[in-house]
Amino acid sequence: MEGDFEELNARSVRNIINKGGTFLKSARSMEFKTIEGRKKAYEQLTKNNIDALVVIGGDGTFTGGVYFSQEFDLPIVGIPATIDNDISGTDFTLGYDTALNTVVDAIDKIRDTASSHNRLFFIEVMGRDAGDIALNSGIGAGAEEILIPEEEEGVERMLESLRKSKMSGKLSSIIVVAEGEKSGKNIFQLAEYVEEHLEGYDIRVSVLGHIQRGGRPSCFDRVLASKLGVGAVEALLDGDSKVMIGLSHQKVVRVPLTVAINGEAKYDKELRRVADITSV
Amino acid sequence: MEGDFEELNARSVRNIINKGGTFLKSARSMEFKTIEGRKKAYEQLTKNNIDALVVIGGDGTFTGGVYFSQEFDLPIVGIPATIDNDISGTDFTLGYDTALNTVVDAIDKIRDTASSHNRLFFIEVMGRDAGDIALNSGIGAGAEEILIPEEEEGVERMLESLRKSKMSGKLSSIIVVAEGEKSGKNIFQLAEYVEEHLEGYDIRVSVLGHIQRGGRPSCFDRVLASKLGVGAVEALLDGDSKVMIGLSHQKVVRVPLTVAINGEAKYDKELRRVADITSV
Amino acid sequence: MEGDFEELNARSVRNIINKGGTFLKSARSMEFKTIEGRKKAYEQLTKNNIDALVVIGGDGTFTGGVYFSQEFDLPIVGIPATIDNDISGTDFTLGYDTALNTVVDAIDKIRDTASSHNRLFFIEVMGRDAGDIALNSGIGAGAEEILIPEEEEGVERMLESLRKSKMSGKLSSIIVVAEGEKSGKNIFQLAEYVEEHLEGYDIRVSVLGHIQRGGRPSCFDRVLASKLGVGAVEALLDGDSKVMIGLSHQKVVRVPLTVAINGEAKYDKELRRVADITSV
Amino acid sequence: MEGDFEELNARSVRNIINKGGTFLKSARSMEFKTIEGRKKAYEQLTKNNIDALVVIGGDGTFTGGVYFSQEFDLPIVGIPATIDNDISGTDFTLGYDTALNTVVDAIDKIRDTASSHNRLFFIEVMGRDAGDIALNSGIGAGAEEILIPEEEEGVERMLESLRKSKMSGKLSSIIVVAEGEKSGKNIFQLAEYVEEHLEGYDIRVSVLGHIQRGGRPSCFDRVLASKLGVGAVEALLDGDSKVMIGLSHQKVVRVPLTVAINGEAKYDKELRRVADITSV
């Protein structure tokens, strides 16, 4: 928007495939939320002979892209990149698999302490609207219970489950909590709540936070990024616009950006069932 | 076969989810390849009141399972576990995603040296019959060329590609080679062949070998193992037998063991195309 | 103290060298803090023919050991194991090097976000009485400022340093804060304080917490544990008691437990000087 | 030597602290080994107003530095950087601790396979003249035997040790072999030799190779680099020359470059003793 352009070629990305974060330093823009701001952006793009736009991000990015593509005559394609995996029309978003491995690695470390000293750990992971990170990392780290935004009854079920394990003599446990969990309590309040209702537990809280957003990408994410990147350019070459490039059943697909934004959540109930069975 | 049984329950696997290898210590048995050996195994199973068998492995394991299930009246279910991902009827095998991350991590380390000193590295990865590891890790690690068992013309293409990069001034490169690559040359001979045909390269060889078979499992593999494990028990409860539990389009499926063994290879030509585009 | 003994031999520890935590499950005992509790412990030891005690831990563990060795006639040797590195008489404590690598790895991940989006991160690391983790990981992760328990004036210096970098156009930074830092503010209050005094920063807080206490030990810690373990047994064979086995100038040494507890802090001012120079 | 200079400032190294390899791309020069080559280098330096030289490397680098400093009037300071830790006058060289962690991580992975399938693994690690990597990683990874350049009798001792373990029923083992080991056999020949002399082993070989030379640096190496870097600049400011900056007893020291090159090896016999005790 400020006219700060830099031309990149194949060599420019030569050494970034193993790096986290984004060297583009793209960030939210309040100005872009206004029609004046978007007009300013469009003028910069035309002035610099940009004939198509690839936007990389999640819900907010795509919503901006939809507005922009309705107001101006510029082809626009989206690539889903958010660690929460909360975009419709694609099985996976960029960064999600890497975040899962970071979370599981962190919980493995915490579990060393939990099992050494018979402690109950509440671990908050990312996921405001989707429990994908919590559910997968919870199964992957052998959590006793998992609280996710898609369910209301999590807290009472957890209490019941802890009561049972306590009776069977098990005093060390991991509870994975998505930040968007629906109890209305934050994770420290959740820990207190359990402390009040269950005696004998040595309870600790850990908020994993921003370590989930960085780190060397997993092989899966690197290959996914390569597939989606090729897919985005080819969509533009085909004259497509207003679509997101996604992965569905291992194939690259093109999905209208409006579907990506408005689509139903893809809560995987089968995965919840697996979690319930394996956490026994 | 020696009657060395040990009863396991849910607690027995409590602390193995973050470990590589197998604590079952199962291994190949020459004796089991004979009808007498299999009969001995069957007798041990009945003597110990085992009423179903879950076999975990690849082609060899499943072939043994098919024989066994044809000869004796015991339900048998297979779980695909091989880092090569070379089993039909399932999108992924257990251990494959972990191996990919190990390989990419190793190549990242080697690339530090390659780019520091302008070297050309030949890196051998696993994959006797399938190029999945080579192709995915090659894309993931930004390899210049990838030689896989599914293609014949790899070596000449690689030579051509190296000639071009050399002319453009690029002297550091990574070539990923699947061990089952079809040139008839081993990796040291490949390196020599390139040395003879192209001047100016400082060539090194690295055989990743057995580090690919161990290590903390990735989150993907842990969740996959949980899904397939639940799927195997439920197949048996449903009265199913002679099936492999696989993952297809993110759903757990049951595939006849004979299909798993005899199926066509699932060489992903689209992935090869992506590799060719991104390695430019 | 409850007579729950288990005999271990060389084989018992065969597969724990690459694991975090302690499989001994040793923990604090309130009862042991009383003379009656210690008497009970002593009786259990003699009843089980234990003729010497090796205690592994930090200040609290060694203090208990000193009391015990003064009251009862049982040789006792200490091994320093605390991630804070806050024990006198040894250059390193067990777990410290592993924790440093975990912290640096976590900050590397956070830095991906910080530099992608021009953010200022406050990161709390362990260290109630000693700034060793903060100082070393701060240098190792390229932190802009480091707040440690050994210094009073940290906050104002940090403000000054941030002011300068802001004027030079730098908006992304990492501030590493030891939990025992002396400002009287917790890390969230520190972040608010900076927000009030400096405009234009997008500030985030991350508390690394319990991930610092677990994880696969580094090679340094594994070798250190082997040295100290051998040193402890040999001290007992030599008839020594009431000593801690430490590492000083790369040599295994025996230090009176009372010195280990009461010794002066070993705040490394030279390291602070290096931090100041390299963070410019 | 070609006049290809680039000015760097504090910002230039801002994002390299967590990277392996060298972005300087410095490499061996045959030309520099001649007096003409060194003269050419000196002329380039003076033409570009370079008033001091910091050379980073090992034996070869320092030898070149000594020649250069004797022939021309330019202050020169060395920083020891070699993963082999084979430089006199410093307790540690840059890259060594990182390499140790990489090796231990690799052997941990291999051990998963070894213990799963009762295999004997020969693992070759770096170390042409010094056994530091082999000895430390061998202890750290729980190896059964360690072969190093500083000892002649390794092979027979290893055979004896394997015979004993086999009799006690142990069939899985790790043997760590430094590449400079003194038997005159390469690692594949060593494996064959053991196969001929001991029945019943399923023997495999793994050459770790170039993965040891790269990878994210450990916290120890990052702090060491910061200390030595500051030390080098301050030595030059003090008017010192022809010295290596080392770390001795945790203090930064200045050692004549000639001592660094010609010094006695620092083979740590105490560490070998610890290895013998803990590998039982």
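Letters are used for the chains, namely A, B, C and D, taken in the order the chains are written, and counting of residues starts over at 1 for each.
What we mean here is this: a residue touches a chain if its C-beta (ideal position, glycine included) is under 8 Å from a C-beta of that chain, and two chains touch if they have at least 3 such contacts.
As the structure is a prediction and not an experimental result, all values here were calculated from the model.
Least step count on the touch graph, chain B to chain C: 2.
Chain centres here are C-alpha means, and the one lying farthest from chain A is D. Put simply, the C-alpha centre of chain C and that of chain D have 28 angstrom between them. Measuring from the averaged C-alpha position of chain B to that of chain D gives a distance of 33 Å. Averaged Cα coordinates give chain A a centre that lies 41 Å from the centre of chain D.
Multi-chain contact residues of chain A (touching two or more other chains) are listed as 108, 111, 115. Shown here, the protein chains touch around one cycle, each chain meeting exactly two partners. Contacting chain pairs in the structure are A-B, A-C, B-D, C-D. Chain A meets chain B in the complex at residues 10, 14-15, 17-18, 91, 97, 100-101, 103-105, 108, 111, 115, 136-137, 139-142, 216, 218-220, 222-223, 226-227, 229-230, 249-252, 270-271, 273-275, 277-278, 280.
Interface residues of chain A, counted against chain C in their complex, comprise 19-23, 25, 27, 102, 106, 108-113, 115-118, 121, 204, 206-215.
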